[in-house]
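Paired with subunit B in one complex and with subunit C in the other, subunit A is shared by the two complexes that follow.
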Partner chain A sequence: MDDRLFINLSPGSTYLDKLTGKTKVRLFFAFIILLIATWDMRIIFPTLILTIIGLSSLHSKLKSVKAITIFVVFTNLLNLFLIWIIEPDYGATICGGSTVLFQFTPFYIVTGETMWYFLVRFCKMMATFVAAMTFIQSITPSELAAGLYANKIPYKVCMIVSIAFRYIPDILRDFQAIKISMQARGMELDAKKTTLWTRLKQNVLILVPLIVTSFDRVGNIANAMDLRGFGKNKTRTYYAEHEDGPGDRQMKIFYIFLYLLILVVIAFRIFKPSEFEVWYPWS
Partner chain B sequence: MKEPVIEFKDFSFRYKSQNEFTLHDINLTIYAGEKVLILGPSGSGKSTLGNCINGLIPFSYEGEIKGSLKVSGIETQNANIFTLSNHVGTVLQDSDAQFVGLSVGEDIAFSLENDAVPRSEMLGKVEAVAGVVGMEGFLGALPYSLSGGQKQKVALGGIMHNDVQTLLFDEPLAALDPAMGMTAIDLIDQIQKAHGKTVLIIEHRLEDVLYRHVDRIILVNDGRIQLDTTPDELLCSDILKANGIREPLYISALKNAGIRFTPGDHLDNIEELDFDRYKDDVVKAFQSVALSAAKPKGEKIIEVSHVSYGYNKERLALSDVSFDICRGEKISIVGKNGAGKSTAAKLICGIIRPQSGEVKINGEDYMALSIRDIGCIVGYVMQNPNQMLVKDIIKDEVGLVMQLHGFAQEEIDKRTERVLRMCDLYGMRNWPVGVLSYGQKKRITIASILGLQPDVIILDEPTAGQDYKRYTEIMSFIDELNRDFGITIVFITHDMHLAIEYTDRSIVFADSKCIADDVVFKVLSNNEIIERANLKQTSLVTLAERCGIDPEQYIHYFIDSEKAEREAFAKEGGI
Partner chain C sequence: MENKKQSLGSMLLGKWDTKTIVGIAIGAALFGVLMDFGGIKVTTNTSLTSAYVVLPIVGALFGPLPAALTGLIGNTIADLIGGWGFWFDWSFGNAVAGFFIGLLPVYGAKIADGIFTTKHAIIYAIVTIIGVGLGFGVVTPVLTVLFYSSELTVTWIQAWAAIISDASVAIIVGIPVLFALAARNKKKTNLTKED
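Presenting the complex of A and B:
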């Protein structure tokens, strides 16, 4: 079954893998909220380093993220380049100043502030991306459901998450089977031989039976769940959610620290806003 | 004093969406510790009966109820599905859909999770149950890596908690290959004996269920209980065929030999049958007819020679496989799941191409042909018709394949008409596909590939989940295509009845190799092949051995006589 993308289905054995779903979810949200809240390189850079350490500690699975990492790095760089094309002196509005480093034309200048802003922005995006990848790679869908539930999300919502992950591979398999039968009936799906429009129309044809069979399945799943008492009680427990280990206790201290940091960052932004969005070390 | 567990009293049920009642005046009592088979053809109401017991009716499927049904003393209409699930555990037919967990352990724990049992308690319980159903050591396994039989064991494990009194199995054999089916029936039997549960099995495959003792059989048809008796008495009667149920093969064979039974003959267990009484009649009947000669073979259409193929580097799905398919033949490709049957079909259709070896179609190497080109020679029909039907109207569905091949509209109309007439669908050509029955849909999926006038049709499990009546309908239609239009038929199946009755030759796969390629009666009388391919020895072999006849010849004789009977029946204007 090669169509599982990079979703992790069986729990691994590294430090991060062994944390409970609850800890993983809390850690992840701490990182993401912090990264959204701040433009301060003094916070972003250490965060980036931490997330990279986190991702590389899951060493066995690094290969599967290589392609998407290259893609994300590339699109981010392209994004920055486009900003520069439109507004080369963007750093002035954001860091307050334009220290010209060199000049192509009077309009196309390279300033220290703009470059600094780009660096901060790049680190921020990458840290968010690496945090997300670490999270996805270290958590199984069941732990995710359990983790969300432990964080006060209603369990019926959590179930949707894990059920979706459970049946995505099955639906992909159905799709493959239907595609094969349509190809055997003469549907040309080779991009070189047909126009995009024909292929689009044909893919709609494949979707019809896919939707019909998926609806059949949904009915069966719902029955199977009813018959085993899903929705009986107000609370629920999770087989996949083990008791807190030493890692969980250590990480608890760490994410409490992160949430406090978030509070500090937000408090600063509300009560003592700085003149410019991005902190610039040489101003 | 026997304690009643399930009591139907003048019970009738009508689905909300239907005008007619599905169940009529059911009066039935099942006692604690009984093992009961609810037997009936598709659409007889047997699954509806099961759903009334487990509470899906009326809680998931609404409708009108008359009369009373008590499960463990609880009137179901006044209870709810959760209360009932504490008393009745259900294993559904679709072993894939009911596997809601992401690992074996999780799925077994599902009902415990819903009961909010603390995890520390859960672990021990899950482990104990996994031991009972033989899945210990697999707790971390993912659903995608399990076989149908293993998934079913997990499903059974999942309902073993809470000390449910009654276990209900809805068509447990539908998705399993013959050997797995036997294991499943055996496991159900062991659990019933060891834990004293009441067991209800809803099935239409009588012979396979009778592999282990059953206390009582309830025959359901047209929403009514037709008969409520012991297996022994049921098998003596001639009521089975009239109700669309297949008799065990050995019973048919004995009846064909002119033997009449009386209750008390222990017909439900071939091992206990007193063969000395029947031997002479069986031998006489066997010797009275000459065996048919082998059919001459047509020219080769498809030649597969020394083909190997692997989806990944670790394991080959086909390893050095060679076989031919000749014009006008009927072939079954059999073997357990994952043995390479489906891969072989994909190979013939050109969806995958050999990594080594060669495939020739009509004498030419097929590497030059596209999937579309091959589609004009080899048609492929999937197991589930819902996965193939894309158009709303029958006629459009049949025309689609020609449209995709860019035929002129005039030609499409002409050929569509011809195909519709061939398949007896012309009268229904403007009907919407959605209103058709499963069997009719199947017929349309076959019609939908005939427009290209293929030489060969490959059918993937054409009879899976079909009762005897529908099965006969579908198969005699395919038989006609072969006889009247000379179309070569290839079945991919693990249904041994199908192989026996409708094919001339069997190609057997096991562990990605082709281990046998011979006439059906030779394959089926070879114990080594049967074991390696997870097939099941037919009861005909036992019968022949006990009567001192060569099993191979006896199966040959049986196939001949069944065929003759079918043809005579068709001439009378039967199915």
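Presenting the complex of A and C:
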């Protein structure tokens, strides 16, 4: 938990930043649903490219994404490795067939299909991750609430999501503050001087005050919201939401296309299911 | 403290005032962050996570439905910053587990008034195991088949790991935390609330 949590609090000036919250939320969900619905590399790969273009168009903030990207690539590779440990011939049921490329023991084999499945899965997870990062980096908590509200979600639920989103950097700040004050009282967290186990135990000790202070703050925030008249009326408006700009009109065509694509993908899965879940080019 | 009789329905729903909304939000943020960074990995995408301490606290303070929403939104936030893809089947599993864990006020454990006895702790442990088992053993696999048909074998392994690790965190860490919270709130009960 170091520099991995970052939430954008003020809107930026790039093309994606200037979109309304409504468009951002709809675009994001279009990408996520499409990526959940399909296992086809012919759709996943272009999506991955598009999300990477989206993220790099927010060039001023790329530095903050670097650490978490390394972490996520590592986690995903570890996950794939664990799947391989549990079931080395995983691709057989999913891509249909097992072309052995490499053999450690009779059980631990490396098949072309499994490797292809892992590649597809990796691309799918990375596309989801890059889409999520682009979304987090380009939206502010208020715009998120406004965007969800524009999509007919009750505003109290929008407020929950928005406060939760806004609160993430505060958790990081509190965690650091508690850690420093505990170190000042003599708690050793240096990797060279303590064992991994004691460090883990000490990190758990930090969590207790973290959770307690967080819930103590509930009263203050709730009072501040009540004083501003939160929850008085059935509907509300948002300062963060503005009129549709030219970007919104262009993106509207794009996300309508994405939703149509999702419908086509789902229709294919229901009415004309392919024999195997993942399309394998060399079968 | 006067004992106001609440109907079962209103206890299940919780009181939807501003405090509850903020409580769910902060619970969800904590749940999400702890899910990602506050745990040790067990199997793929499942870890022995400290996030499950958050659910009994939200449940004790606000009731079962807020705890369920905390699990649902918290897990979605964890997916958003975790970068392992979106698994809404698990979000709903967490919501069901959260609902059961958050049943505390329904069987009389009022943490806000400092009431939490050994009897409540035992009921809490049993309900938690039922809830986590139902959430990850039934709801998540069913939704996995609906949403992501090919992932079922992995889900079963993860489900068992999640049931064992999350239930043990919720019980072994959760019960002492609930006792501590109850003891902390008991000191305040000589004050009565003015209406």
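A few comments on the model shown:
The criterion applied here is as follows: the second predicted complex is superposed on the first by the 205 of 283 C-alpha atoms of A that agree within 3 Å, B and C clash if a C-alpha of one lies under 4 Å from a C-alpha of the other, contacts with A are read in each partner's own complex, and residues count from 1 in each chain.
FYI, contacts are C-beta pairs under 8 Å (C-beta built on N, C-alpha and C of every residue); 3 or more make two chains touch, one makes a residue touch a chain.
Keep in mind that this is a model prediction, so the values were computed, not measured.
In the superposition on chain A, A:253 contacts neither subunit B nor subunit C.
When both complexes are overlaid on chain A, the residue A:163 reaches subunit B and subunit C alike.
Shared-chain residue A:82: touches subunit C; no touch with subunit B. With both structures placed on the common chain, the touch criterion links A:213 to subunit B but leaves subunit C unconnected. Of the two partner chains, subunit B is the only one that A:181 touches; subunit C does not reach it.
Looking at the shared chain after the overlay, A:222 reaches both subunit B and subunit C. Shared-chain residue A:230: touches subunit B and subunit C both.
Applying the stated contact rule after C-alpha superposition, one finds that A:196 touches neither subunit B nor subunit C. With both structures placed on the common chain, the touch criterion links A:270 to neither subunit B nor subunit C.
Subunit A residues in contact with subunit B (one complex) as well as with subunit C (other complex) are 1, 162-163, 165, 208, 217, 221-222, 225-226, 230-231. Residues 1-2, 9-10, 140-142, 162-163, 165-166, 169-170, 174, 177-178, 180-188, 205-206, 208-209, 212-213, 216-217, 220-233, 235-243 of subunit A are the ones that touch subunit B when the two sit in their complex. Taken together, the subunit B residues at the contact with subunit A in this complex read 54-56, 59-60, 81-82, 85, 89-90, 92, 94, 96-103, 105-106, 109-120, 122-123, 126, 140, 142-145, 158-159, 312, 346, 349, 351, 371-372, 374-376, 378-380, 382, 384, 386-390, 400-401, 404-405, 448-449, 452. Note for the complex: subunit C touches subunit A at residues 16-19, 21-30, 32-34, 37-38, 40-41, 43-45, 50, 53-54, 57, 61, 69, 73-74, 77, 79-86, 88, 147-150, 153-154, 157, 177.
Residues 1, 4-5, 32, 35-36, 39, 68-69, 71-72, 75-76, 78-79, 82-83, 86-87, 94, 124-125, 128-129, 132-133, 135-136, 156, 159-165, 167-168, 171-172, 200, 203-204, 207-208, 210-211, 214-215, 217-219, 221-222, 225-226, 230-231, 277-278 of subunit A touch subunit C in their complex.
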